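Input: a single structure, listed below in C-alpha coordinates.
By letter and in written order, the chains are A, B, C and D; residue numbering begins at 1 in each of them.
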(Lines give C-alpha, C1' and ligand atoms only; values in the text may rest on other atoms or scores of the structure.)
Protein backbone atom coordinates (compact mmCIF):
# COMPACT_ATOMS: atom_id res chain seq x y z
CA UNK A 1 0.00 0.00 0.00
CA UNK A 2 2.77 2.41 1.02
CA UNK A 3 4.57 1.60 -2.19
CA UNK A 4 1.51 2.44 -4.23
CA UNK A 5 1.11 5.83 -2.51
CA UNK A 6 4.79 6.62 -2.98
CA UNK A 7 4.52 5.72 -6.63
CA UNK A 8 1.53 8.00 -7.01
CA UNK A 9 3.38 10.84 -5.30
CA UNK A 10 6.08 10.54 -7.90
CA UNK A 11 3.89 9.91 -10.92
CA UNK A 12 1.20 12.57 -10.44
CA UNK A 13 3.44 15.61 -10.82
CA UNK A 14 4.93 14.07 -13.93
CA UNK A 15 1.46 13.61 -15.35
CA UNK A 16 0.45 17.20 -14.66
CA UNK A 17 3.59 18.52 -16.28
CA UNK A 18 2.93 16.33 -19.28
CA UNK A 19 -0.63 17.63 -19.46
CA UNK A 20 0.14 21.26 -18.81
CA UNK A 21 2.83 22.07 -21.36
CA UNK A 22 3.62 25.51 -19.97
CA UNK A 23 6.28 28.11 -20.46
CA UNK A 24 7.40 30.91 -18.18
CA UNK A 25 6.37 34.50 -18.85
CA UNK A 26 6.90 37.99 -17.45
CA UNK A 27 4.15 39.76 -15.53
CA UNK A 28 3.51 43.47 -14.84
CA UNK A 29 4.78 43.29 -11.27
CA UNK A 30 8.14 41.93 -12.47
CA UNK A 31 8.29 44.45 -15.32
CA UNK A 32 7.79 47.33 -12.88
CA UNK A 33 10.43 45.92 -10.52
CA UNK A 34 12.93 45.79 -13.41
CA UNK A 35 12.00 49.34 -14.44
CA UNK A 36 12.38 50.61 -10.86
CA UNK A 37 15.88 49.14 -10.63
CA UNK A 38 16.80 50.62 -14.01
CA UNK A 39 15.51 54.05 -13.00
CA UNK A 40 17.39 53.88 -9.69
CA UNK A 41 20.65 53.27 -11.57
CA UNK A 42 19.84 56.12 -13.98
CA UNK A 43 19.14 58.53 -11.11
CA UNK A 44 22.39 57.56 -9.33
CA UNK A 45 24.31 58.48 -12.47
CA UNK A 46 22.16 61.57 -13.14
CA UNK A 47 21.08 60.19 -16.51
CA UNK A 48 17.56 60.61 -17.98
CA UNK A 49 16.18 57.79 -20.10
CA UNK A 50 13.16 56.00 -21.47
CA UNK A 51 12.68 52.51 -19.97
CA UNK A 52 10.65 49.98 -21.98
CA UNK A 53 9.79 46.44 -20.89
CA UNK A 54 8.38 44.07 -23.53
CA UNK A 55 6.85 40.60 -23.36
CA UNK A 56 7.92 37.44 -25.23
CA UNK A 57 5.96 38.56 -28.32
CA UNK A 58 7.76 41.91 -28.44
CA UNK A 59 4.73 43.86 -27.15
CA UNK A 60 4.95 46.58 -24.47
CA UNK A 61 4.18 45.63 -20.89
CA UNK A 62 5.54 48.82 -19.39
CA UNK A 63 7.12 52.12 -20.47
CA UNK A 64 8.33 55.08 -18.45
CA UNK A 65 9.87 58.29 -19.82
CA UNK A 66 11.84 60.34 -17.30
CA UNK A 67 11.28 64.11 -17.48
CA UNK A 68 13.29 65.96 -20.09
CA UNK A 69 14.31 62.95 -22.20
CA UNK A 70 14.40 63.56 -25.96
CA UNK A 71 11.18 62.24 -27.52
CA UNK A 72 13.13 60.19 -30.09
CA UNK A 73 14.04 57.83 -27.25
CA UNK A 74 10.42 56.70 -26.88
CA UNK A 75 10.64 54.80 -30.17
CA UNK A 76 14.31 53.89 -29.86
CA UNK A 77 13.89 52.22 -26.45
CA UNK A 78 11.03 50.10 -27.81
CA UNK A 79 12.99 49.28 -30.98
CA UNK A 80 15.97 48.08 -28.91
CA UNK A 81 13.75 45.93 -26.70
CA UNK A 82 11.93 44.51 -29.72
CA UNK A 83 15.24 43.65 -31.39
CA UNK A 84 16.48 41.89 -28.24
CA UNK A 85 13.36 39.74 -27.95
CA UNK A 86 13.05 39.10 -31.71
CA UNK A 87 16.60 37.74 -31.88
CA UNK A 88 17.03 36.54 -28.24
CA UNK A 89 20.29 38.43 -27.87
CA UNK A 90 21.61 41.80 -26.60
CA UNK A 91 21.51 44.53 -29.26
CA UNK A 92 25.19 45.06 -28.46
CA UNK A 93 25.91 41.87 -30.43
CA UNK A 94 24.54 43.60 -33.54
CA UNK A 95 26.39 46.84 -32.72
CA UNK A 96 29.70 45.00 -32.43
CA UNK A 97 28.97 43.13 -35.66
CA UNK A 98 28.31 46.33 -37.62
CA UNK A 99 31.32 48.11 -36.10
CA UNK A 100 33.57 45.25 -37.21
CA UNK A 101 32.34 45.54 -40.79
CA UNK A 102 29.13 43.55 -40.78
CA UNK A 103 27.07 46.40 -42.25
CA UNK A 104 24.96 43.87 -44.14
CA UNK A 105 22.75 43.38 -41.07
CA UNK A 106 21.64 47.03 -41.27
CA UNK A 107 18.83 45.92 -43.58
CA UNK A 108 17.75 43.04 -41.37
CA UNK A 109 14.16 43.65 -40.23
CA UNK A 110 14.03 44.58 -36.53
CA UNK A 111 17.79 44.23 -35.95
CA UNK A 112 18.82 47.39 -34.08
CA UNK A 113 22.63 47.54 -33.86
CA UNK A 114 22.81 49.89 -30.85
CA UNK A 115 23.52 48.79 -27.28
CA UNK A 116 20.75 49.16 -24.71
CA UNK A 117 18.44 46.23 -25.46
CA UNK A 118 18.69 43.01 -23.41
CA UNK A 119 16.56 39.85 -23.67
CA UNK A 120 15.04 38.48 -20.48
CA UNK A 121 15.22 34.71 -19.93
CA UNK A 122 13.47 32.34 -17.52
CA UNK A 123 14.49 28.66 -17.60
CA UNK A 124 16.08 29.21 -20.98
CA UNK A 125 12.92 30.72 -22.46
CA UNK A 126 13.01 34.29 -23.74
CA UNK A 127 10.09 35.91 -21.89
CA UNK A 128 10.72 39.51 -22.92
CA UNK A 129 13.27 42.30 -23.06
CA UNK A 130 14.31 45.63 -21.61
CA UNK A 131 15.14 48.56 -23.91
CA UNK A 132 16.84 51.75 -22.71
CA UNK A 133 17.46 54.99 -24.62
CA UNK A 134 18.47 58.50 -23.60
CA UNK A 135 22.21 58.66 -22.95
CA UNK A 136 25.12 57.01 -24.80
CA UNK A 137 24.51 53.45 -25.98
CA UNK A 138 27.12 52.13 -23.50
CA UNK A 139 25.38 53.98 -20.66
CA UNK A 140 21.99 52.76 -21.87
CA UNK A 141 23.44 49.25 -21.66
CA UNK A 142 24.57 49.72 -18.03
CA UNK A 143 21.06 50.83 -17.06
CA UNK A 144 19.51 47.84 -18.83
CA UNK A 145 21.86 45.49 -16.92
CA UNK A 146 20.99 47.15 -13.60
CA UNK A 147 17.33 46.62 -14.40
CA UNK A 148 17.72 42.90 -15.11
CA UNK A 149 19.49 42.33 -11.78
CA UNK A 150 16.18 43.04 -10.03
CA UNK A 151 14.50 39.99 -11.53
CA UNK B 1 0.22 102.94 -1.67
CA UNK B 2 -2.22 100.10 -1.50
CA UNK B 3 -3.25 100.95 -5.03
CA UNK B 4 0.35 100.64 -6.18
CA UNK B 5 0.68 97.19 -4.65
CA UNK B 6 -2.59 96.10 -6.18
CA UNK B 7 -1.46 97.38 -9.55
CA UNK B 8 1.78 95.46 -9.24
CA UNK B 9 -0.09 92.29 -8.32
CA UNK B 10 -2.04 92.61 -11.54
CA UNK B 11 0.72 93.83 -13.82
CA UNK B 12 3.58 91.51 -12.84
CA UNK B 13 2.00 88.25 -13.99
CA UNK B 14 1.05 89.90 -17.28
CA UNK B 15 4.63 91.01 -17.83
CA UNK B 16 6.06 87.57 -17.18
CA UNK B 17 3.56 85.99 -19.54
CA UNK B 18 4.35 88.53 -22.24
CA UNK B 19 8.09 88.03 -21.87
CA UNK B 20 8.19 84.32 -21.41
CA UNK B 21 5.76 82.89 -23.96
CA UNK B 22 5.36 79.70 -22.00
CA UNK B 23 2.77 76.96 -21.75
CA UNK B 24 2.03 74.25 -19.18
CA UNK B 25 3.05 70.61 -19.64
CA UNK B 26 2.61 67.18 -18.01
CA UNK B 27 5.44 65.46 -16.13
CA UNK B 28 6.13 61.80 -15.30
CA UNK B 29 5.03 62.10 -11.68
CA UNK B 30 1.62 63.37 -12.77
CA UNK B 31 1.35 60.74 -15.49
CA UNK B 32 2.01 57.96 -12.95
CA UNK B 33 -0.53 59.45 -10.53
CA UNK B 34 -3.16 59.43 -13.30
CA UNK B 35 -2.26 55.85 -14.22
CA UNK B 36 -2.44 54.72 -10.58
CA UNK B 37 -5.95 56.17 -10.22
CA UNK B 38 -7.02 54.55 -13.48
CA UNK B 39 -5.65 51.17 -12.42
CA UNK B 40 -7.36 51.45 -9.01
CA UNK B 41 -10.72 51.96 -10.74
CA UNK B 42 -10.01 49.03 -13.07
CA UNK B 43 -9.14 46.72 -10.15
CA UNK B 44 -12.28 47.73 -8.24
CA UNK B 45 -14.36 46.67 -11.23
CA UNK B 46 -12.21 43.60 -11.88
CA UNK B 47 -11.34 44.88 -15.36
CA UNK B 48 -7.93 44.43 -17.01
CA UNK B 49 -6.68 47.18 -19.33
CA UNK B 50 -3.75 48.94 -20.94
CA UNK B 51 -3.23 52.48 -19.59
CA UNK B 52 -1.31 54.93 -21.79
CA UNK B 53 -0.42 58.54 -20.89
CA UNK B 54 0.85 60.80 -23.71
CA UNK B 55 2.35 64.29 -23.78
CA UNK B 56 1.06 67.33 -25.72
CA UNK B 57 2.82 66.18 -28.90
CA UNK B 58 1.21 62.73 -28.76
CA UNK B 59 4.35 60.94 -27.50
CA UNK B 60 4.25 58.32 -24.71
CA UNK B 61 5.20 59.39 -21.20
CA UNK B 62 3.91 56.24 -19.51
CA UNK B 63 2.31 52.90 -20.39
CA UNK B 64 1.21 50.02 -18.18
CA UNK B 65 -0.41 46.76 -19.34
CA UNK B 66 -2.23 44.77 -16.67
CA UNK B 67 -1.69 40.99 -16.74
CA UNK B 68 -3.78 39.05 -19.21
CA UNK B 69 -4.87 41.96 -21.41
CA UNK B 70 -5.12 41.25 -25.15
CA UNK B 71 -1.99 42.52 -26.92
CA UNK B 72 -4.06 44.49 -29.45
CA UNK B 73 -4.92 46.89 -26.65
CA UNK B 74 -1.29 48.10 -26.44
CA UNK B 75 -1.66 49.91 -29.75
CA UNK B 76 -5.36 50.75 -29.31
CA UNK B 77 -4.78 52.55 -26.00
CA UNK B 78 -2.02 54.64 -27.59
CA UNK B 79 -4.15 55.34 -30.67
CA UNK B 80 -7.04 56.57 -28.49
CA UNK B 81 -4.72 58.83 -26.50
CA UNK B 82 -3.11 60.14 -29.69
CA UNK B 83 -6.52 60.91 -31.17
CA UNK B 84 -7.59 62.76 -28.02
CA UNK B 85 -4.46 64.94 -28.00
CA UNK B 86 -4.40 65.44 -31.80
CA UNK B 87 -8.01 66.72 -31.82
CA UNK B 88 -8.24 68.09 -28.25
CA UNK B 89 -11.45 66.18 -27.57
CA UNK B 90 -12.63 62.85 -26.08
CA UNK B 91 -12.64 60.01 -28.63
CA UNK B 92 -16.28 59.45 -27.56
CA UNK B 93 -17.16 62.55 -29.63
CA UNK B 94 -15.99 60.70 -32.75
CA UNK B 95 -17.73 57.46 -31.63
CA UNK B 96 -21.05 59.27 -31.17
CA UNK B 97 -20.62 61.01 -34.52
CA UNK B 98 -20.05 57.75 -36.39
CA UNK B 99 -22.90 56.00 -34.55
CA UNK B 100 -25.32 58.78 -35.52
CA UNK B 101 -24.43 58.42 -39.19
CA UNK B 102 -21.25 60.48 -39.52
CA UNK B 103 -19.28 57.63 -41.02
CA UNK B 104 -17.37 60.09 -43.19
CA UNK B 105 -14.89 60.76 -40.40
CA UNK B 106 -13.72 57.11 -40.48
CA UNK B 107 -11.05 58.08 -43.03
CA UNK B 108 -9.78 61.11 -41.11
CA UNK B 109 -6.09 60.62 -40.20
CA UNK B 110 -5.68 59.82 -36.46
CA UNK B 111 -9.40 60.13 -35.62
CA UNK B 112 -10.25 57.02 -33.53
CA UNK B 113 -14.02 56.80 -33.04
CA UNK B 114 -13.97 54.60 -29.93
CA UNK B 115 -14.50 55.85 -26.36
CA UNK B 116 -11.59 55.60 -23.95
CA UNK B 117 -9.34 58.52 -24.96
CA UNK B 118 -9.50 61.80 -23.02
CA UNK B 119 -7.42 64.95 -23.55
CA UNK B 120 -5.72 66.49 -20.51
CA UNK B 121 -5.90 70.27 -20.16
CA UNK B 122 -4.04 72.75 -17.97
CA UNK B 123 -5.09 76.41 -18.16
CA UNK B 124 -6.88 75.70 -21.42
CA UNK B 125 -3.81 74.15 -23.05
CA UNK B 126 -3.91 70.50 -24.13
CA UNK B 127 -0.87 69.03 -22.36
CA UNK B 128 -1.53 65.38 -23.18
CA UNK B 129 -4.05 62.57 -23.03
CA UNK B 130 -4.99 59.28 -21.39
CA UNK B 131 -5.91 56.27 -23.54
CA UNK B 132 -7.51 53.11 -22.12
CA UNK B 133 -8.20 49.80 -23.90
CA UNK B 134 -9.13 46.32 -22.72
CA UNK B 135 -12.81 46.14 -21.80
CA UNK B 136 -15.86 47.71 -23.52
CA UNK B 137 -15.37 51.22 -24.84
CA UNK B 138 -17.83 52.60 -22.25
CA UNK B 139 -15.90 50.86 -19.47
CA UNK B 140 -12.60 52.08 -20.93
CA UNK B 141 -14.10 55.58 -20.74
CA UNK B 142 -14.99 55.22 -17.06
CA UNK B 143 -11.43 54.19 -16.27
CA UNK B 144 -10.03 57.14 -18.23
CA UNK B 145 -12.27 59.53 -16.27
CA UNK B 146 -11.23 58.02 -12.96
CA UNK B 147 -7.62 58.54 -13.98
CA UNK B 148 -8.06 62.22 -14.81
CA UNK B 149 -9.65 62.91 -11.41
CA UNK B 150 -6.24 62.28 -9.85
CA UNK B 151 -4.66 65.30 -11.56
CA UNK C 1 14.28 90.05 -98.34
CA UNK C 2 15.80 91.35 -95.11
CA UNK C 3 12.33 92.14 -93.86
CA UNK C 4 11.17 88.59 -94.52
CA UNK C 5 14.09 87.16 -92.57
CA UNK C 6 13.44 89.53 -89.67
CA UNK C 7 9.78 88.55 -89.66
CA UNK C 8 10.73 84.91 -89.56
CA UNK C 9 13.11 85.53 -86.65
CA UNK C 10 10.19 86.94 -84.72
CA UNK C 11 7.54 84.46 -85.78
CA UNK C 12 9.48 81.22 -85.39
CA UNK C 13 9.84 81.38 -81.60
CA UNK C 14 6.11 82.05 -81.29
CA UNK C 15 5.44 78.94 -83.35
CA UNK C 16 7.76 76.87 -81.23
CA UNK C 17 5.90 77.95 -78.07
CA UNK C 18 2.69 76.76 -79.66
CA UNK C 19 4.43 73.49 -80.44
CA UNK C 20 6.19 73.16 -77.05
CA UNK C 21 3.51 71.13 -75.27
CA UNK C 22 3.37 72.87 -71.90
CA UNK C 23 0.96 72.83 -69.02
CA UNK C 24 0.22 75.44 -66.39
CA UNK C 25 1.47 75.02 -62.83
CA UNK C 26 1.27 76.74 -59.46
CA UNK C 27 4.27 78.61 -58.04
CA UNK C 28 5.21 79.57 -54.47
CA UNK C 29 4.16 83.19 -54.87
CA UNK C 30 0.65 82.14 -55.90
CA UNK C 31 0.50 79.53 -53.13
CA UNK C 32 1.37 82.18 -50.53
CA UNK C 33 -1.21 84.57 -51.96
CA UNK C 34 -3.89 81.88 -51.66
CA UNK C 35 -2.78 81.11 -48.09
CA UNK C 36 -2.83 84.81 -47.14
CA UNK C 37 -6.42 85.16 -48.39
CA UNK C 38 -7.45 81.99 -46.56
CA UNK C 39 -5.85 83.20 -43.32
CA UNK C 40 -7.52 86.61 -43.67
CA UNK C 41 -10.93 84.91 -43.88
CA UNK C 42 -10.09 82.72 -40.89
CA UNK C 43 -9.01 85.73 -38.79
CA UNK C 44 -12.20 87.63 -39.71
CA UNK C 45 -14.26 84.75 -38.36
CA UNK C 46 -11.94 84.21 -35.40
CA UNK C 47 -11.17 80.65 -36.54
CA UNK C 48 -7.75 78.98 -36.21
CA UNK C 49 -6.73 76.52 -38.91
CA UNK C 50 -3.93 74.77 -40.77
CA UNK C 51 -3.61 75.93 -44.40
CA UNK C 52 -1.90 73.57 -46.86
CA UNK C 53 -1.22 74.28 -50.54
CA UNK C 54 -0.16 71.35 -52.74
CA UNK C 55 1.14 71.09 -56.31
CA UNK C 56 -0.29 69.03 -59.20
CA UNK C 57 1.53 65.92 -57.94
CA UNK C 58 -0.02 66.24 -54.48
CA UNK C 59 3.22 67.46 -52.86
CA UNK C 60 3.38 70.37 -50.40
CA UNK C 61 4.32 73.80 -51.71
CA UNK C 62 3.29 75.67 -48.59
CA UNK C 63 1.89 75.00 -45.11
CA UNK C 64 1.02 77.36 -42.28
CA UNK C 65 -0.39 76.38 -38.86
CA UNK C 66 -2.02 79.21 -36.93
CA UNK C 67 -1.22 79.33 -33.20
CA UNK C 68 -3.27 77.04 -30.99
CA UNK C 69 -4.61 74.76 -33.73
CA UNK C 70 -4.92 71.08 -32.77
CA UNK C 71 -1.92 69.17 -34.13
CA UNK C 72 -4.18 66.58 -35.81
CA UNK C 73 -5.06 69.27 -38.35
CA UNK C 74 -1.51 69.27 -39.76
CA UNK C 75 -2.08 65.84 -41.32
CA UNK C 76 -5.79 66.34 -42.01
CA UNK C 77 -5.27 69.56 -44.02
CA UNK C 78 -2.66 67.82 -46.18
CA UNK C 79 -4.87 64.74 -46.59
CA UNK C 80 -7.79 66.89 -47.76
CA UNK C 81 -5.60 68.74 -50.25
CA UNK C 82 -4.08 65.49 -51.50
CA UNK C 83 -7.53 63.99 -51.98
CA UNK C 84 -8.70 67.07 -53.96
CA UNK C 85 -5.73 66.92 -56.31
CA UNK C 86 -5.70 63.12 -56.62
CA UNK C 87 -9.35 63.10 -57.73
CA UNK C 88 -9.63 66.62 -59.22
CA UNK C 89 -12.73 67.41 -57.16
CA UNK C 90 -13.70 69.05 -53.86
CA UNK C 91 -13.57 66.64 -50.90
CA UNK C 92 -17.16 67.75 -50.18
CA UNK C 93 -18.22 65.55 -53.12
CA UNK C 94 -16.95 62.51 -51.22
CA UNK C 95 -18.49 63.74 -47.95
CA UNK C 96 -21.91 64.11 -49.59
CA UNK C 97 -21.53 60.68 -51.20
CA UNK C 98 -20.76 58.96 -47.90
CA UNK C 99 -23.52 60.84 -46.06
CA UNK C 100 -26.07 59.65 -48.66
CA UNK C 101 -25.06 56.03 -48.12
CA UNK C 102 -21.99 55.65 -50.31
CA UNK C 103 -19.83 54.28 -47.49
CA UNK C 104 -18.03 52.02 -49.97
CA UNK C 105 -15.68 54.88 -50.87
CA UNK C 106 -14.32 54.91 -47.29
CA UNK C 107 -11.76 52.30 -48.39
CA UNK C 108 -10.73 54.18 -51.51
CA UNK C 109 -7.03 55.13 -51.25
CA UNK C 110 -6.61 58.88 -50.67
CA UNK C 111 -10.34 59.68 -50.82
CA UNK C 112 -11.01 61.90 -47.77
CA UNK C 113 -14.77 62.41 -47.40
CA UNK C 114 -14.59 65.61 -45.34
CA UNK C 115 -15.16 69.13 -46.72
CA UNK C 116 -12.20 71.52 -46.75
CA UNK C 117 -10.17 70.34 -49.76
CA UNK C 118 -10.49 72.12 -53.12
CA UNK C 119 -8.63 71.43 -56.37
CA UNK C 120 -7.00 74.38 -58.15
CA UNK C 121 -7.43 74.60 -61.94
CA UNK C 122 -5.69 76.68 -64.62
CA UNK C 123 -6.96 76.36 -68.21
CA UNK C 124 -8.73 73.16 -67.27
CA UNK C 125 -5.59 71.58 -65.81
CA UNK C 126 -5.50 70.62 -62.12
CA UNK C 127 -2.35 72.41 -60.89
CA UNK C 128 -2.79 71.74 -57.19
CA UNK C 129 -5.12 72.01 -54.22
CA UNK C 130 -5.82 73.81 -50.97
CA UNK C 131 -6.60 71.86 -47.80
CA UNK C 132 -7.97 73.45 -44.63
CA UNK C 133 -8.49 71.86 -41.19
CA UNK C 134 -9.19 73.26 -37.73
CA UNK C 135 -12.85 74.21 -37.40
CA UNK C 136 -16.00 72.41 -38.66
CA UNK C 137 -15.72 70.90 -42.13
CA UNK C 138 -18.24 73.44 -43.50
CA UNK C 139 -16.19 76.30 -42.03
CA UNK C 140 -12.98 74.74 -43.36
CA UNK C 141 -14.69 74.75 -46.77
CA UNK C 142 -15.51 78.47 -46.55
CA UNK C 143 -11.87 79.28 -45.78
CA UNK C 144 -10.68 77.17 -48.71
CA UNK C 145 -13.04 79.02 -51.04
CA UNK C 146 -11.87 82.41 -49.78
CA UNK C 147 -8.30 81.31 -50.46
CA UNK C 148 -8.99 80.30 -54.07
CA UNK C 149 -10.56 83.68 -54.83
CA UNK C 150 -7.09 85.23 -54.49
CA UNK C 151 -5.75 83.35 -57.49
CA UNK D 1 6.61 99.77 2.44
CA UNK D 2 9.19 99.83 -0.33
CA UNK D 3 10.58 96.64 1.08
CA UNK D 4 7.20 95.00 0.79
CA UNK D 5 6.87 96.00 -2.85
CA UNK D 6 10.38 94.76 -3.60
CA UNK D 7 9.61 91.48 -1.90
CA UNK D 8 6.46 91.12 -3.94
CA UNK D 9 8.38 91.82 -7.12
CA UNK D 10 10.73 88.97 -6.31
CA UNK D 11 8.29 86.48 -4.81
CA UNK D 12 5.36 86.69 -7.22
CA UNK D 13 7.15 85.38 -10.31
CA UNK D 14 8.65 82.55 -8.27
CA UNK D 15 5.21 81.56 -7.01
CA UNK D 16 3.71 81.54 -10.47
CA UNK D 17 6.56 79.44 -11.84
CA UNK D 18 6.27 76.95 -8.98
CA UNK D 19 2.54 76.70 -9.43
CA UNK D 20 2.42 76.76 -13.16
CA UNK D 21 4.99 74.14 -14.32
CA UNK D 22 5.40 75.77 -17.68
CA UNK D 23 7.85 75.61 -20.58
CA UNK D 24 8.57 77.85 -23.59
CA UNK D 25 7.27 77.13 -27.08
CA UNK D 26 7.59 78.41 -30.67
CA UNK D 27 4.78 80.36 -32.36
CA UNK D 28 3.88 80.90 -36.04
CA UNK D 29 5.25 84.46 -36.14
CA UNK D 30 8.67 83.23 -35.00
CA UNK D 31 8.55 80.27 -37.38
CA UNK D 32 7.87 82.60 -40.33
CA UNK D 33 10.67 84.95 -39.25
CA UNK D 34 13.11 82.02 -39.17
CA UNK D 35 11.89 80.84 -42.60
CA UNK D 36 12.25 84.35 -44.07
CA UNK D 37 15.85 84.59 -42.89
CA UNK D 38 16.60 81.12 -44.26
CA UNK D 39 15.06 81.99 -47.64
CA UNK D 40 17.01 85.26 -47.79
CA UNK D 41 20.27 83.35 -47.35
CA UNK D 42 19.20 80.83 -50.00
CA UNK D 43 18.36 83.59 -52.50
CA UNK D 44 21.68 85.34 -51.88
CA UNK D 45 23.49 82.14 -52.79
CA UNK D 46 21.09 81.36 -55.63
CA UNK D 47 20.08 78.09 -53.99
CA UNK D 48 16.53 76.65 -54.05
CA UNK D 49 15.33 74.69 -51.04
CA UNK D 50 12.44 73.46 -48.95
CA UNK D 51 12.26 75.14 -45.52
CA UNK D 52 10.37 73.30 -42.75
CA UNK D 53 9.81 74.57 -39.20
CA UNK D 54 8.53 72.07 -36.61
CA UNK D 55 7.27 72.40 -33.03
CA UNK D 56 8.63 70.66 -29.93
CA UNK D 57 6.59 67.53 -30.66
CA UNK D 58 7.96 67.26 -34.20
CA UNK D 59 4.79 68.58 -35.89
CA UNK D 60 4.88 71.11 -38.76
CA UNK D 61 4.25 74.76 -37.96
CA UNK D 62 5.42 76.06 -41.31
CA UNK D 63 6.72 74.79 -44.68
CA UNK D 64 7.76 76.64 -47.81
CA UNK D 65 9.08 75.09 -51.03
CA UNK D 66 10.90 77.45 -53.38
CA UNK D 67 10.09 77.10 -57.08
CA UNK D 68 11.87 74.32 -58.92
CA UNK D 69 13.03 72.31 -55.91
CA UNK D 70 12.96 68.51 -56.29
CA UNK D 71 9.83 67.10 -54.66
CA UNK D 72 11.87 64.60 -52.61
CA UNK D 73 13.06 67.53 -50.53
CA UNK D 74 9.56 68.09 -49.12
CA UNK D 75 9.84 64.94 -47.03
CA UNK D 76 13.60 65.18 -46.48
CA UNK D 77 13.37 68.67 -44.96
CA UNK D 78 10.68 67.47 -42.56
CA UNK D 79 12.64 64.31 -41.71
CA UNK D 80 15.74 66.38 -40.88
CA UNK D 81 13.72 68.72 -38.68
CA UNK D 82 12.01 65.79 -36.96
CA UNK D 83 15.36 64.13 -36.30
CA UNK D 84 16.76 67.35 -34.82
CA UNK D 85 13.81 67.79 -32.44
CA UNK D 86 13.55 64.06 -31.59
CA UNK D 87 17.22 63.89 -30.57
CA UNK D 88 17.78 67.53 -29.55
CA UNK D 89 20.89 67.82 -31.71
CA UNK D 90 21.93 68.91 -35.23
CA UNK D 91 21.56 66.14 -37.81
CA UNK D 92 25.21 66.89 -38.71
CA UNK D 93 26.18 65.04 -35.51
CA UNK D 94 24.68 61.87 -36.98
CA UNK D 95 26.24 62.57 -40.41
CA UNK D 96 29.70 62.96 -38.87
CA UNK D 97 29.18 59.81 -36.80
CA UNK D 98 28.26 57.71 -39.83
CA UNK D 99 31.10 59.18 -41.93
CA UNK D 100 33.63 58.28 -39.23
CA UNK D 101 32.49 54.67 -39.18
CA UNK D 102 29.44 54.74 -36.91
CA UNK D 103 27.19 53.13 -39.49
CA UNK D 104 25.31 51.33 -36.70
CA UNK D 105 23.07 54.36 -36.17
CA UNK D 106 21.65 54.03 -39.70
CA UNK D 107 18.89 51.79 -38.33
CA UNK D 108 17.96 54.05 -35.41
CA UNK D 109 14.32 55.18 -35.73
CA UNK D 110 14.11 58.86 -36.83
CA UNK D 111 17.88 59.44 -36.86
CA UNK D 112 18.64 61.18 -40.17
CA UNK D 113 22.41 61.37 -40.70
CA UNK D 114 22.40 64.27 -43.16
CA UNK D 115 23.27 67.88 -42.28
CA UNK D 116 20.49 70.46 -42.55
CA UNK D 117 18.41 69.87 -39.42
CA UNK D 118 18.93 72.08 -36.36
CA UNK D 119 17.06 71.98 -33.04
CA UNK D 120 15.67 75.26 -31.67
CA UNK D 121 16.14 75.93 -27.96
CA UNK D 122 14.59 78.45 -25.59
CA UNK D 123 15.88 78.53 -21.99
CA UNK D 124 17.40 75.09 -22.51
CA UNK D 125 14.13 73.56 -23.70
CA UNK D 126 13.91 72.15 -27.24
CA UNK D 127 10.90 74.01 -28.67
CA UNK D 128 11.23 72.82 -32.26
CA UNK D 129 13.56 72.54 -35.23
CA UNK D 130 14.35 73.80 -38.71
CA UNK D 131 14.92 71.36 -41.56
CA UNK D 132 16.39 72.36 -44.94
CA UNK D 133 16.74 70.27 -48.10
CA UNK D 134 17.48 71.09 -51.72
CA UNK D 135 21.20 71.70 -52.25
CA UNK D 136 24.22 69.90 -50.72
CA UNK D 137 23.89 68.94 -47.08
CA UNK D 138 26.61 71.43 -46.11
CA UNK D 139 24.76 74.19 -47.97
CA UNK D 140 21.46 73.09 -46.40
CA UNK D 141 23.22 73.46 -43.04
CA UNK D 142 24.32 77.03 -43.80
CA UNK D 143 20.75 77.99 -44.66
CA UNK D 144 19.44 76.41 -41.46
CA UNK D 145 21.98 78.38 -39.42
CA UNK D 146 21.05 81.63 -41.16
CA UNK D 147 17.42 80.91 -40.29
CA UNK D 148 18.09 80.39 -36.60
CA UNK D 149 19.94 83.69 -36.32
CA UNK D 150 16.59 85.46 -36.86
CA UNK D 151 15.15 84.12 -33.61
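Things to note:
Methods note: a contact is a pair of C-beta atoms (placed from the backbone, for glycine too) under 8 Å apart; a residue touches a chain by one contact, two chains touch by 3 or more.
Not measured: the values here are computed from a predicted model.
It takes 95 degrees of rotation, in steps of 5, to superpose the Cα atoms of chain A onto those of chain D. Centroid to centroid, with C-alpha atoms defining each point, chain A and chain D lie 35 Å apart. Chain A and chain B have Cα centroids lying 29 Å from one another. Here the spacing of chain A and chain C, counted between their Cα centres, is 49 Å. Listed for chain D are residues 27, 55, 57-59, each touching two or more other chains. Taken chain by chain, the contacts fit none of the simple shapes, being neither an open path, a ring, a star, nor a full set of pairwise contacts. Applying the touch definition to all chain combinations yields A-B, A-D, B-C, B-D, C-D.
Remark: chain A residues 27-28, 32, 55, 57, 59-67, 71, 74 touch chain B in the complex.
Across the complex, chain B meets chain D through its residues 1, 4-5, 8-9, 12-13, 16, 20-25, 27, 55-59, 122-123. The part of chain D that touches chain A in the complex is made up of residues 57-58, 83, 85-88, 101-111, 126. Per the touch definition, chain C reaches chain B in the complex via residues 70-72, 75-76, 79, 94-95, 98-99, 103, 106, 111-114.
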